[in-house]
Each structure stands twice: as structure tokens, then as C-alpha cells.
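Have a look at these structures, which come just after this line.
Below, chain A partners chain B and then partners chain C, in two separate complexes.
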Partner chain A sequence: MRKSVGLTLIAVVVFLFLTVPLIIITATAFGEASTIRFPIQGFTLKWFTATFASRSFMSSLGLSFALASYATLLALLVGIPASYALSKTTFRTNPRLRAFFLSPTFVPGIVVGYALFQFLVIQWRMPVFAGLLLGHFLVSLPYVIRVVGASLEQFDFSIEEVAWSLGCNKPKAFLKVVLPNIGSGIVAAFMLSFINSFNNIPVSMFLTGPGVSTLPTTLMNYIEYSYDPSVSAISVVLMGVTVVLMVIVERTLGIGSLAK
Partner chain B sequence: MKRSVFLLLIAPGILLLTIFLFYPLVVTLAPTFSNNGPSLARYLAFFSDSYYLAVFFRTVWIAVVATLVCMILGVPTAYFISRRRRSKSFLMALSIFPLLTNPVVRAFAWINILGRNGVLNSLLLSWGWITTPLTLLYTDFSILIGTIYLFLPLMIVTLVGSMDTIEEEVTEAAESLGASRLVTFFKVVLPLSLPGIVVGSVLVFTGAITAYSTPNLLGGNKNMLLATLIYQRAMSLADWTSAGVIAFVMIVMTVVTVMVMQKVSRRLDRR
Partner chain C sequence: MSYAVLENIRVSYDGKTPVLTDLNLSIERGELVSLLGASGCGKTTTLRVVGGFIEPRAGRFTLNGVDMTRTAVHKRNFGLVFQSYALFPHLTVFENVAFGLKLRKIESASLKSRVMAMLDITDLGALANRYPRQLSGGQRQRVALARALVVEPQLLLLDEPLSNLDAKLRLSMRVEIKRLQKKLGITTIFVTHDQEECFSISDRVAIMDKGVIQQFDTPEAIYSHPANEFVARFVGFTNFFNLTASGTGRCLNNLGEEMVIDEIRNHTGGQTSWTGAIRPDDIVLTGTEVSGTNRLTGSVEVRTFLGKSYQYELETKLGRVVVNAPKDSIFEPGTLVCAHLPSDKIVLC
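Coming up: the complex of A and B.
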């Protein structure tokens, strides 16, 4: 295709708009001044060491990691069997059931958090972590239903029937034949759900309690009261992790699998 | 599959969603519909309070403008990406990267740029374009920029997915028949990517009316949106009924937007 100047110009401006703010953050993480300055003066890694030495940041990082892992695992355990059941059958209620499983998408995260806070934390006096876990599970489930459902649609179920006719029982056929074939869908669902749970703010806002705070909420509270390059340093670490994840996904599934 | 096996497989999800999403929602929101008996008084009060109305309209206004800007910038950019060959996956990665970056980090980026001593003000001062720093942060403007920044990648990624299905032969045919590139874009590419534009716009709009960290970090206390207002009402003021009313208003806005989209998409499919 011939190049169009106008189109290229818009695209260049958009990509500058998308990348320059993140480049500025990255640069400010290395500045020596105690408030954020750009362009930076000097070069130091002290903000990174300060971040890794900070108790509140490290414990919230651990909590966010555990939370995203458990919530994603629970969503996969619940979502994969449900997707399988919905794609194997043609009951009249299936479209409505699918919509039901996707329903957390229609409830704003802050409202999910608020309802769970009222109900689980105040009424049932559940531990804070349980509330967070359930909230993040609700957010993750639609990703699993959508992505795993899409890869089950591609799957040729006659392969599974061959396994049955060769004497394999149904649970074993599911584990040995169906699961490996939808593996890439499961990995993509895992990645999407993990990343979105890890980054989630609205659901966590109401559900974080004393001493139990996710990394994004800790970061946000920190920004509201202080303005120093340690926030930039954490941002750089988080962006680094994102790059690593993206490279892994690109090597295994292709980057397009995250664009669902 | 036997009905019993089917039920067994879907039961955990149905139960968890019912107990931990729908039941809490009903319990939390039911009191907003009663005032010594069933009544809509609290909603009437919400929509006749000038402060709440201002927040409501600010939320809608910012979401509408952000959606339009994302559309205007996203459509050409997505078209640009979808027609690349070698650089396509790199440009896609560049668009997906911000999506996977924490929204707090993305809002923080704009605090650095728009703040009183931020990058933009220092640049303008050093060029002599302004003599005193502009107040850009903690305004509707900064929320708007932050929201566009948050959702433009989502629009681009959604649109590339839909534009990829347009065969190159179609645009080539239009051009070989004498249509200029601009005419091809507006008469061929744009109509064919309309379904993607509809989906992308709904994602941006619903995302914008429910985003929390961006209005919280870039709007400050004076420029509340519904999402920040609900948190403030509930946590700082322990005003549970107002929080419930706002929660229900937000759900209705999201559901109505999605339903309108489904109607529009169905009509587009039928063409």
C-alpha cells in the first residue's frame, strides 16, 4: 500500500502520546532530587533500593501477587467446567446462562467492591482477604468464560468422541484430550485475568483493610500524600514485569491473544 | 451430556455469582428503594440535588468527550496499524503495553506532566510562552486527558481486530476504480469497521463512567465523578444510602449503554 502522509502523521502523534508519559516516568525514577524533576539531575538507583526496602510496598506486592494468583486459579476452576458444559450442550437456556456468567462485566468494579464490603465485611465479618479474593474472582471469571469459551468453539469435539470410543472414560478424556487442546486459550485467560486482577483498583478500594492493602491501592494512597521518585521506581519495576510477561506471551501464543 | 453432569459443571459458578454478587447487590441496593414503604424518593432526591447532578453530568460529559476523542484518534491509528506488515506486531505490542500497565501508574504519569512544576509548565515557561504556571492538574481537563490516555489503547486494539477482517483487495479495488485514499477511507474502510467502532466506543464509554483511579488522582476533591463520589459518600461520610443510590445509577448507566450497543450491532449485522 502507498504511504499516506496524513495517516502516518496521526499515528505518530498517537504513539508519542501513548509512550512519552511512560518514558518520562522511567527517566524520573533515576533522578537524585527528592521531588520529581524532569529532566533529571544526576543519576541514582537509590529510589529502587528504597522501594525494595520499604515494608509497606513489599508486603502489598506480595498480597497483590497472592490475590491475583488465587483469584485467577478460582476463576479457572469454576470457569473452565462451565465453559465446557455450555459449549457441549445446546440447551435453550445456554445463551442466558452465558450472559449470567459474564454479568460481573456489567457491574462497575467500585459497586462490586461496595456491595461485598457491606455484605461480607460488615454483615458477615469475613476476613478482609476473603472479601478481596471473592471480589477479584468475580472480575476474573468473565475473562475465563470469554477466552476459554472462544477456544472451545474452535475445538473439534469429534476428537474427544474418538477417545471415548477407544475406551477412555469421560473425565480422563476431558483431562487428556480436551484440556491440552484448549491449552493456549487457558494460558491467555490466565494471563488476562492475572494482570487485570493485579492492576485492579476499584474492587479493592472498599475491601482493603488495616494492614491488608494491594499494591495499586498502596501506591495510590502514597501518591496522594507524597511526591517522590520512589513511585516512579515502582512504576518502572511494574512496567518491567509487564514487558517480561508480554515477551513470554509473544513467544508462546502471539501477542494477539491478549487483544481479546 | 447428561443434564445432571451439565448442572454439576455449571453449579459452582452459578452459586458463587448468586451468593457473592447478586445477593449482596440486592441486599445493598434494596434499601435505596424504600422510604417507609417502596418509593423512588431517594432517586428523585438524587436527581434534584444540584451537587449530585453536577457530578452526574460531569461524569457523562467526560465519558462522551473521551469516547469521541478516542474514536477520532483511534480509527486512523488502527487503520495505520492494520495495513502494516513488518511493524504490525511491534505497533500492536506498543498499543497493548499501556493496557497492561497499572492505571495508577498511567494517572501518575500525567501528574508529572500536568502538575504546577510539571514537565509541560516548565517547558512553556522556558520557552517564554507563559509567565506563571498554568493550573492544569485537578481540573476536568486533567481527568479528561487521563481518561483518554487510559482508554485510547483499548479503542485501537479493538479496532485493529475488526479492521483486520477487511480484505486488502477491497480497498485496492476502490483505489483502482479511481477513489482517492481519503474517499476509500471514508466510503469503504469506515463503514466496514463500524461494528468495531461501536464495540470500542461502548468499552471506552462504560470504562470511563466507572474508572476510579484516574478521577481520584487527577481530579482531586473538587472534581468528583460518580466513582469517586460513591467512595467518598460511603467511606468518609458513612452515607450508605447515597452510596447505594449512586451504585444503582452506575449499574443502570452501564447496562443501558451495553443494551443500546447490542441493538445497534444487531442492526449493523442485518445490513
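Coming up: the complex of A and C.
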């Protein structure tokens, strides 16, 4: 009994540590003062309207969204076949290949960002969006390979062999029996990859260019010069979107895991 | 010409260690043939060569006269049942069974009737809308069987299909498999490591060891006339002794005593030495010493209780002999007994 009281206490402390800052940020978004202050004075929605009216916020939000979507899509298109191939390779080559594909997670983001900057921007003079897309694709890929790989490890490949024997050629069998059975892994990979790309700062910092900036970099730059609650307001919007996304995933994954 | 023929099949995964060496096997149409052996003997590899999952380094596989050695798996039209059932988890029982027919573009009314007919044969009609996770092991195995059979395969391949079931279910499933196989007349290859299961179900059995078929014959023939010592051990012979010829139709054991063996009449081919073998059940024990041919005196070393009988390990001049004797006369360890090896029970290999 005593032990569980101690555990509960620790859990509560950690929970507060995680949520209180978010609650405070949320509260500050509604304050009337022109700097972020807590507790707030008055109540207003003007920071929200200001945020939505701000061209730089909105364009960088759009860019971040597009970037995360494309990068994730690309990472899924490359990562799913790659992890499928990895799951079929022999034990001798597999660990090395796997380590190679996961290496962007081991190398610090700032190093990846700098390396890409050197190559894509300085050497090859790549357009800003293309550079960003490549960079984000690179940081997303390991998440896809790891998560999809984990669900492929659970997959009984004799199921695929049966599908072949019943008349499926290999691509068809992959689409008809492998893919539907690693669906939850793909959804999880999509979420992780999307969120990771959407939040990314180290790679984006190096690869953004004049007039093209992702939301996290715009926010950082903004806070350097002005400390008004519009940053809180956009944070609240992002949190809201994330919560909605999570609920949707929870619902669909819940149904998905029931069907397993 | 036989229906399914494997000729000089050679398989090696790394090019150095052979898995199958010059394997030959001929299966007649409608036959149920088992590949029997311990794990690692090459039986599953043989099945996978037939199924098209492994391409042999040398040799030919023909079916009904057509060379299929390099034919892709999906073009072979073979039914496959695995130990793990390998049902499609995201599809219902009906959809699982209909999978192969849908790929063959069967029009929907006839597809439905064929699937339902197969579900009825396999006693699954009431479960058509269930998902695999809602079924018991035996039901899953029947779905796997129905799914493989509904496409009317040219060959049915069963890879240890009963090993995941409990003993009672295994018994009824093997009767079920035999019944379906005979009813539909489908040529079948059955891989197993369980001798009893294999002998009860098969028309012919190939006993394998180290990638080589040691004997390919009917279960009865293998049981009573094992081709070599490996097969003999496999089918329950535990006592072996060396024999050398002494004139026509006669032979001597290591001690120079003559032994009378009925089977020697069938071995007229100039062979001068054999290994004789006898099952523990076939030796007759008596307490008093009786002189005569085929009798061995020995002392009881170990006695174990088997339920129906006692098993004795005897130390004799010919070495260790294992005997199963009925319960009515019990011999204590240390006592001298006489073992009679009936001349009609000794086999030569």
C-alpha cells in the first residue's frame, strides 16, 4: 500500500511537470497584456485573430504541413519496401543494413542539417523546398523503417507463401495479404514521421532560405524579437490539431487492433 | 510414368553443405506420400522444392510429364497447408477460402456455391463469417485445408499440419485429412516427424535422413522389412547384432554360434555379412536356462515399468539386449534369464 502511494506521488509529479507548462501556455494565449504573462489579465481572442492574420505564420504553417506530408509520404514509399526487404535478408547482412538505414537517428540532427546544407545548398544549389523535403525525408525514414520493421517481425511469412500458392504473384500478395496485416504499423509510422518532421528544427534551420521557413523556425525567430502571446496562440492551435489527430488515430487503431 | 517425379534433386543453401543430395522420388496419381524424419533431415526442404519456394541446384521436378522445376509458385496450382495454419487474419473464413477462387476470376454465384460446398465438406458452414482469431486450433486447420482444396490443386502439400494440435484432435484430424484426400482423389505429400501419424495415414512413406531417402515403401513393408539400420531403429528395432554367412542359408553370430533366421532365404545374393535386428516386444524371456538355437543367457541390469509390460535391459555375451516382457512373470535385477529370439522375428538389414 505504502509503495503504491509513493508511486502515485511520483506519477502525479511527473504528470504535473509535463502538463503544467502546457496549461500555462494555453492560459497565456488569452491574456490581454502585450507580453506573455501569467496569471493573465483580462480575456481576449485577439492573439488568435492576429496569428491567423499573420502572413509569415500562416505561410510557414502551410509549408510545414506540406513538408511533413510529402516527406512522410516519401518516407513511407521508400521505407515500407525497404523494411520488407530487410525482413527477408539473411542474418549476416541484415544488422549492417539495418544500422545503415537507422543511422540518421544516431547522428545528431544538427550534424545531419549541416551536412545536408553543405551538399544540397552549397554544392548543388538545390531549390529551398526540394532541399527541405530531402532533409525531412531523411530524418523521417528511420522511424518508418523501425516501426514498420517491428510489425513485419510479427508477421508470419508463411501467410504470404500461401497467397503465392493460391495464385498471387509477389506484388499482388504483398498488397493483398502483407500490407493489410501491417496496417497499424504503417499508421504508427505515419504519425511518428509526420510529427517528427513537423517539429524538426535542426535540419530545417540549415535548409530554410529567404521567404521559405517552417513553422518551428519562424516561431523561434519570432520569439527572439517579440514576446507577445501570439506564439502561445499558435501553440494552442497546434496542440488542438495534435489532440484531434491522436483521437482519430486512437479510434482507427483501436478498430484495427480489434480486427487483428 | 508416375504423376509427380523428383529426379536427382540437389539442394544446398551455401553451395558447400548439401541439404539434399541426388534425391529421387516418384509419386502416383491420387497417392498420399509422407516424408518422415527427424528435424533437419531434409523433408521440409523437399516439400519446398516441390512447392517452388526453393530452386534446386540440379535435378528436375515433373508433374504429369510437365517440367515444373523453374515454374513460379503462383503458377503451379498447388494447395499448401502449414503447421502455423497461415490463415489470412484480416479475412473471414469465407473470404479465406474464397481467396484462391477470386484470383481465378470465378463468377460470383459459382464462387459462392463452391466455397459453401467446401465449407460443408470440412464442417465449417456455420463459421463462414468468423475471423480466424475466433476459431479453435482444429477449426483453423480445417479452414487452411478447405482453402487449399477449394482451388482443386494438382498437388496438396502438407507441412506438419497436425503438430500444433493436441493429441486427441490430432487423431481425428488425421482421419479427416485421409477421408478428404481419398474423397477428392488429390495427390498429397505430407511432411511429419511423427511415425505413428505418418504410418496410419500414408499410402507410402519415404524415410529421410541427412538429405537422403533411406527407404520408400508402404508402411507395412517398412515396418516389417526395414532397408537398413537407420530405418530399423526408426521403426522400433532396438537390438542389433552382427551376423556372418556360413554356407547357404545359415549364419553365425559374433560368438560363433549358429542362428536360425527365416528371412535369410530371401538373401541369396552372395552377401556374406548382415546386421540382424529384433524388436524388444518380440523376444521371449524365461527364467530357467534352456539350451538351443537363438537363445541368449543374460543378467537383468535394469527393469522399468511400462504399464502393459516390463522392460528389461539384459547384459548378454552379445551385448546389451532390451526386452519387453509381460507382467505375469517378474524378474528381479541381478537374476539370470534366458532370452529366446524367434527365428521369424529377426530381420536382416
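Here is the rule we go by: the second predicted complex is superposed on the first by the 249 of 260 C-alpha atoms of A that agree within 3 Å, B and C clash if a C-alpha of one lies under 4 Å from a C-alpha of the other, contacts with A are read in each partner's own complex, and residues count from 1 in each chain.
The rule is short, and it goes like this: a contact is a pair of C-beta atoms (placed from the backbone, for glycine too) under 8 Å apart; a residue touches a chain by one contact, two chains touch by 3 or more.
On a predicted model such as this, the values are computed, not experimentally measured, just so you know.
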(message) After the superposition on A, what does A:Val178 contact: first (chain B), second (chain C), both or neither?
(response) neither
(message) After the superposition on A, what does A:Gly167 contact: first (chain B), second (chain C), both or neither?
(response) second
(message) After the superposition on A, what does A:Val212 contact: first (chain B), second (chain C), both or neither?
(response) neither
(request) Could you look at A:Ile40 and tell me whether it touches chain B, chain C, both or neither (first, second, both, neither)? (result) neither
(message) Quick check on the superposed pair: does A:Val148 touch chain B, chain C, both, or neither? Answer first, second, both or neither.
(response) neither
(message) Going by the contact rule stated at the top, is it chain B or chain C that touches a larger number of residues on chain A?
(response) B
(message) Applying the document's definition of touch, where does A:Ala233 land relative to chain B and chain C: first, second, both, or neither?
(response) neither
(message) Contact-wise, after the overlay, does A:Val111 reach chain B, chain C, both or neither (first, second, both, neither)?
(response) first
(request) Find the residues of chain A that appear in the contact set with chain B and again in the contact set with chain C. (result) 259
(request) Name, in rising order, each residue of chain A that touches chain C in their complex. (result) 156, 158-159, 161-170, 173, 177, 180-181, 259-260
(request) Within their complex, state which residues of chain C touch chain A. (result) 51, 53, 72-80, 82, 84, 86-90, 99-100, 103-104, 131, 133, 144, 147-148, 151
(message) With touch defined as at the start, can you tell me which chain A residues reach chain B in the complex?
(response) 1-2, 4, 6-8, 10-11, 13-15, 17-19, 21-22, 24-25, 28, 35-38, 77-79, 81-82, 84-86, 88-89, 91, 97, 100-101, 103-104, 106-112, 114-120, 123, 134, 137-138, 141, 195, 198-199, 201-202, 205-206, 216, 219-220, 223-224, 227, 231-232, 235, 238-239, 242-243, 245-246, 250, 254-256, 258-259
(request) In the complex, go through chain B and note every residue touching chain A. (result) 1, 5-6, 9-10, 12-14, 16-17, 20-25, 27-29, 73-74, 76-77, 79-81, 83, 89, 91-98, 100-106, 108-113, 117, 119, 122, 149, 152-153, 156-158, 160-161, 168, 171, 181-182, 185, 209-213, 216-217, 227, 230-231, 234-235, 240, 243, 247, 250-251, 254-255, 258
